[in-house]
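Each of the next two complexes has chain A plus one more chain, namely chain B in the first and chain C in the second.
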Partner chain A sequence: MEQKREQTSATKSIGIVNELGKLGRGWYDYARETKQKGGHIAWAMFGPPPEILLALDVVPIYTEQYAAAMAARQRAEESCEWADKTGYNIDICGYCRLGLGYTALESRLGHTPENPAYSGLPEPDILLGRSHCDPGYKWYQTSQHLTGKELPYFIYENLYPVPDSGHFIGDKEIDEQYVKFYRKQVEEMVAFLEKHTGKKMDLDRLREKIEVSQEMRQLWYDIYLMRRAIPAPMPTGDFMTCVFPYMTMHASDEGLDFLRRLHSEVKHRVDNKIGVVPEEKHRILWIGIPPWFHMSIFNYFEKFGGVSCIEFQYPPALPIDVDLDDPLGALAKRDHFAGTLSQHLISFPSRGEECYGIMGGCYRPVRHVMQMVEDYSIDGLVIHHITSCRNALIGHTHGRRVIRERLGLPTLFLESDMVDPRGYDEEADFRAINTFMEQLADTRK
Partner chain B sequence: MQGATQMGKLAKINDLYADPWKFGTELKKDGQRIVGYTCTLVPREITAAASFVPFMMRGAIGEPTQTADLHLEPLCCGLCRSIFNLGVEGKYSFLDGIVTCHACNNMDPMHAFWKYYVNPPFVTTINAPHTITEASLDFYTAEMKNYIRLLEEFTNSQISSEAISHYIELYNTQRSLLRQLSSMLREEPPLISGSEMTRIVLASLILPVEQANDLLSGVIEEVKVREDNRPKPGPRLLLWSMYSDNTSLIELIEECGANVVISDSCGGWRHYHRNIPSTSDPIQAIAQYYLENIRCSRLYQEGGTERFQMVKKLADDNGASAIIAYVLRYCDAQETDMPEFTDYFKGKGMPVLWLEDDYSLATREAIRTRIQAFLETADLK
Partner chain C sequence: MKNNFLGLDIGSTMTKVVVLNSDQTFTKIVRTGAEHRILANQVVGELLADVGVDFKEVTYVVSTGYGRLNVPFADRQITEITCHARGVEALFPGIEAAIDIGGQDCKAIKMNGGKVVDFIMNDKCAAGTGRFLEIMAESLGVSIGELGELSLHAERALKFNNICSIFIAQETLLHRSSGASLEDIAAGIHQAIATKVCAMAERVGLERGKVVLTGGGAKNMGLVKAMENKLGFPLLVPEEPLLTGALGAALLAKRHYEEAMQEGKPLATKERILGKVSIFT
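So, the complex of A and B:
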């Protein structure tokens, strides 16, 4: 049922988040300027080390993030419709489908579609995929068919010893296997980029980028821990928006500057007990990718004194020390022990730890959700069941059941796509939230 | 299916196909140890070298999955759901273990579901790369060693290199026998039907390899001499699909008067088109074989639409003049390929019928109508 929604953009709690529109436009302008000055633009999936890209003057444009931005600006429908017309099934990952639809439309028009985010997706010179989810390597393979232009394409495979497989990070043979694998991949990636940019990797420059990245990772992790505070200093809606500078602008000075200021603001709020709502009554854990076209949904919970104070998606990597004498080795070790930007291993169990199964989001164990409930003093779960992301959604039913059995927590199930607003029923979600909040209020008494 | 004049070996194949779970239970009673697997990328040679019977797991197409639905969301692959449903309902209780694979986003978490709800004694998943590079080959070779190590820990016995080489030889023999049978489909009309060939492949994937090879040899001899139940002439088709664990669709195609002369699927050609080379490093040979030769949509292949030329060659080599693509709903990899796939074959003048299903074939009659219309409009009658 199509509706005109009252509120299409979210109300922010964190002040610095209001700068993100400008920051985002700035990044895309920077990409275009870099290209004009002899640099290159890569369409990339989160996963391949951005440090390597930036050290070679290759500016990454993360098309997943672009899809989210289009949805947040209420500009997703046309691209989604074009994806349908081009033959891409509605069940395919929403990010990928929107991206392919956008590309198909642009190819058909011969110019940028009307009113896009950030003045449109800059044309890439290079493509970089990843492999932990199927669209991660299929998207760019397919987009080349739509444009008729074959581009250099490298896939950075992010593979992990998954929970319940019998293999663990910390097992000597496993660590050696995976570090060696990542080492070889970063070498292949450097060779690939050198070939297609005509530039030679400057290891000192790479070291600088890794240092920036290390600090960003530490700040992001610190913020993650600070959000345990009561009242919650930063809601999920603001966090999800800040994923842009953390991931898209990762290893850049601008991204680091933003993270430092964000860290400062969050710390200030924690130190001064500044919450999101005047009276925080309910603390919610949000599971799943948000509905980017309806970020104001988080504000709806706030009307009841409910704050989504933490989320299961996009957690930080555990900061680990790296040896910058060998920067490629440092990246390889970090990707195995801590995770890439798309796969954060903070939740992976050690040998002997029970997982209680997997709850989506790249093999995340249910055990981790249970730990978060405790760490963040959670009263209720909201599971956002993204209809087009198998990677995120498989495990929600199981996890909900386990958490209900073991912790007795009230849980709300919402369902929509992450970017495609067609068919979304806001009123139905509000009714469900109303009931859920009453349940939380009853539980609180 | 078969008439009153069917001979012993083909009848045995039909029995194995009709109720693999009954056969698995009998194998277990006979003292065999059995490890089920859910992806063609899982190396049978290593499983067998550990003294287990590798058992390709199938779903029960069209049957309800109420038990699985309690634990697994509806928005995921119907095949994975069906296999899991059979597991939680006890149909796979004869298994000593299960091995899945990092095949796709649907299959990725399934080992954890099996561990939690079914809990066979041995559970693991194999991390299969999606690319063919030096790094991914080294990695997959190490994964083979990991798999060996886990099996050794589970069985408390060593798996020798000689044992692995021995099973490479036996499975290569099986592949050769299946290629012989497959060549019979090149005749016009074919000497065996596409549904028979699929049943033969699926039966061979649950038998101990020695028994399977013996049976396949017998099937070859029977088919050579039989006069009854031969396929009739008809349009010759290639079936392109992912897992393909049953003959329901192929039988429907045959009812419409066409013959599936080659099945590029995991119930077909992908299992047997090449042999594993004999080398001094059998583990590396296995890794390289599986990584390079199991080519479906989940493998990234370079070359744009030219990656489909292998499918075109397969069609040409087998005299197929059209393709039916069977796409399981929620399969991101194959669904993303499909517009490009159809464009490629349109450019080659080869008609493609794109059928999407949720593994139930619930719209069987509508699919029949589409196949009939396809055969007519593509002038394939």
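So, the complex of A and C:
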């Protein structure tokens, strides 16, 4: 029943989102120019504080986002096939598999593969992994084997207290230990980068970057809150695309400028009740990474008057005040409270099935989904169950059961990969969505 | 004039029609052809002629199934899961779950009062579908009807290590070459399917005595028994398990009509013409 997909990218509601292609190319050009001028490029996972990187003229290239960009441009297949040829199993994280396949192909060709996103993945000088999931550090360990080039490598540890472990969110003694750990780690990261870039950290410059980041975080959070409006001002398809400037361009002036304008456009739409569809009937909460190769799936809901109006992925952390007199301490505090524990979740229970994470640890507990259902007037949930993202698989299944039992809302499970389109059956997804939308209509009566 | 409500379920293998009015229910089942639109005209025309109802006397038409979009005279298209739930509820009031094993897919539906609460589909893999049983029957040189019957006379169901249709077919040949009986092989095949289907269905939540089995798979007693063994409780099977989707479609046609009447809304219907339609028009 597989049919050729006529349109794969999502039709945008937010005008400024159409600028993102240009913005992305600009960032990658900036990375290459910085390197030519004596700066450095880091392949990175989102986690190590980008303010530290930019303050030392290290431009981060987030390889997970690059994999998403390749998929969105329908350029994922070749790299995924090369991952297969190199022996990387289909059960490995799709982002990682695409990245390794790309590196393997590039090594074989001796040049950049044809027609890549942003003129290709720039060669890194430094690698910055994170402990959040196994590809977060194994990817770069492996890419060094594939290229035969050993690079300076730092792995940033994100701490995710596990529910029922006794590490209560908001426990002062525990919090102090975590902040202390982050402080030490941030200092080590600075020392590592100073050593490998040959530059000395300028704390005033770091302060400036943190200030930019603080404003970006506030804007991102405000947009998240504004999206509670009815009709929905911004659909998930647009939001997912905007993750690029928020993450890749984090703490940069260009990123801040984009978010200011995005905030302004979303506010205008809220103030003037401009919705995604003419007559909004069903509001959907999307859980999971999207199928980047088929973003038009979000428009499919709109045919039924449905809008995926908010998502559980890439949430904002609650903005917190930090002491800029001590920029390293500010980053440590932020990474603990905003990055890991998300202060606004402190009021949630620390024990029992409601606090189990949809993702790892107690970060993003099921209770948070339940709260979002209320805050965003949600009628149904769609869980994109990515079988290559082991970090989410158990949580998704658990979350779905708890949500169904506690809230009784229609919940649809869709299964595919985040970047690998091979084996994707659009028709099967559409069939499931058709029934799901009938369920929503039936519930509404 | 009586109101007649027509439900048409064009499945991948079989096409089913139900006409309901205040007195009676009429049904017809034929094999699905390659051209759904011509078939739809033909099968509906034949049933209406048999029961003496003019097409102009049909109040509302709902189509469902794989081919539901290819019915030019359907007033509304509704997915087969929604229709199955409604049809099953009509036959077994208060039922909580249904498993439908069709020609090309299988699905499990959790329901409440005929409304879908949750569902899960397997349509990316042939194992667990009627087509899979056809392939197995062909490889053993028996009819699909005989395959189920054979499995009921097994001494010891053989174990199959694979859940992939292609590899089970290979394993079947290996078992044959090593002298295994057809009965034991057939039972093993049915167990393999039952394992796969039940594992999927359990995900929506099944309770003893509250599960209906529909679709072509429900006509295969070997499969019914294998699934009952796997689940540990008996399944409820309609007298004609192929018809639940079409019945649900007809009932939803009736509901839609009644709602429109209650709300005083005009009922938009297609022209009642059963002319032949080609895919090229």
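The definition used in the following text is that the second predicted complex is superposed on the first by the 418 of 445 C-alpha atoms of A that agree within 3 Å, B and C clash if a C-alpha of one lies under 4 Å from a C-alpha of the other, contacts with A are read in each partner's own complex, and residues count from 1 in each chain.
Heads up, the rule we're going with is that a residue touches a chain if its C-beta (ideal position, glycine included) is under 8 Å from a C-beta of that chain, and two chains touch if they have at least 3 such contacts.
On a predicted model such as this, the values are computed, not experimentally measured, just so you know.
K.L.:
State whether chain B and chain C clash or fit side by side on chain A once the two structures are superposed.
P.N.:
Chain B/chain C on chain A - fit side by side.
K.L.:
Contacts for A:411 in the overlay, against chain B (first) and chain C (second): which applies, first, second, both or neither?
P.N.:
Only chain C; A:411 stays clear of chain B.
K.L.:
More chain A residues touched by chain B or by chain C?
P.N.:
B
K.L.:
Report for A:18: first if it touches chain B alone, second if chain C alone, otherwise both or neither.
P.N.:
Neither partner.
K.L.:
Per the contact definition in the header, classify A:264: touching chain B only (first), chain C only (second), both, or neither.
P.N.:
The answer is neither, since A:264 touches no partner chain.
K.L.:
Output check: A:174 vs chain B and chain C. Expected answer is one of first, second, both, neither. What do you get?
P.N.:
Touch status of A:174: first partner only.
K.L.:
Is A:115 touching the first partner chain B, the second partner chain C, both, or neither of them?
P.N.:
Neither partner.
K.L.:
Is A:9 contacted by the first partner chain B, the second partner chain C, both or neither?
P.N.:
Neither: A:9 stays clear of chain B and chain C.
K.L.:
Let me test your reading of the model: by the given contact rule, A:133 touches which partner, first (chain B), second (chain C), both or neither?
P.N.:
After superposition on chain A, A:133 lies in contact with chain B alone.
K.L.:
Have a look at where A:145 lands relative to chain B and chain C in the superposition and call it first, second, both or neither.
P.N.:
Touch partner of A:145: chain B, not chain C.
K.L.:
Vertex at chain A, arms to chain B and chain C: angle between C-alpha centres to the nearest 10°?
P.N.:
Between chain B and chain C, as viewed from chain A: 80 degrees.
K.L.:
After the superposition, pull out the minimum Cα separation from chain B to chain C in whole angstrom, please.
P.N.:
Checking C-alpha atoms only, chain B sits 5 Å from chain C at its nearest point.
K.L.:
Help me check something: in the complex, which residues belonging to chain A touch chain C?
P.N.:
Within the complex, chain A touches chain C at residues 1, 404, 408, 410-411, 413, 423, 425, 428, 431-432, 434-435, 438-439, 442-443.
K.L.:
Which residues of chain A touch chain B once you look at their complex with the stated criterion?
P.N.:
Its residues touching chain B are 86-89, 91-93, 96, 100, 129, 131, 133-135, 137-139, 141-142, 144-145, 150, 153, 155, 157, 159-167, 173-174, 177-178, 180-181, 184-185, 188, 355-358, 360, 363, 385, 387, 390-391, 393-398, 401.
K.L.:
Name, in rising order, each residue of chain C that touches chain A in their complex.
P.N.:
Per the stated touch rule, the residues are 66, 78-79, 81-82, 115-121, 123-124.
K.L.:
Please output the residues of chain B touching chain A within their complex, sorted ascending.
P.N.:
70-73, 75-77, 102, 104-106, 108-109, 111-113, 115-116, 123-125, 127, 129-131, 133-136, 138-139, 142-143, 145-146, 149-150, 297-298, 300, 302, 304-305, 329-330, 332-333, 335-340, 342-343, 356
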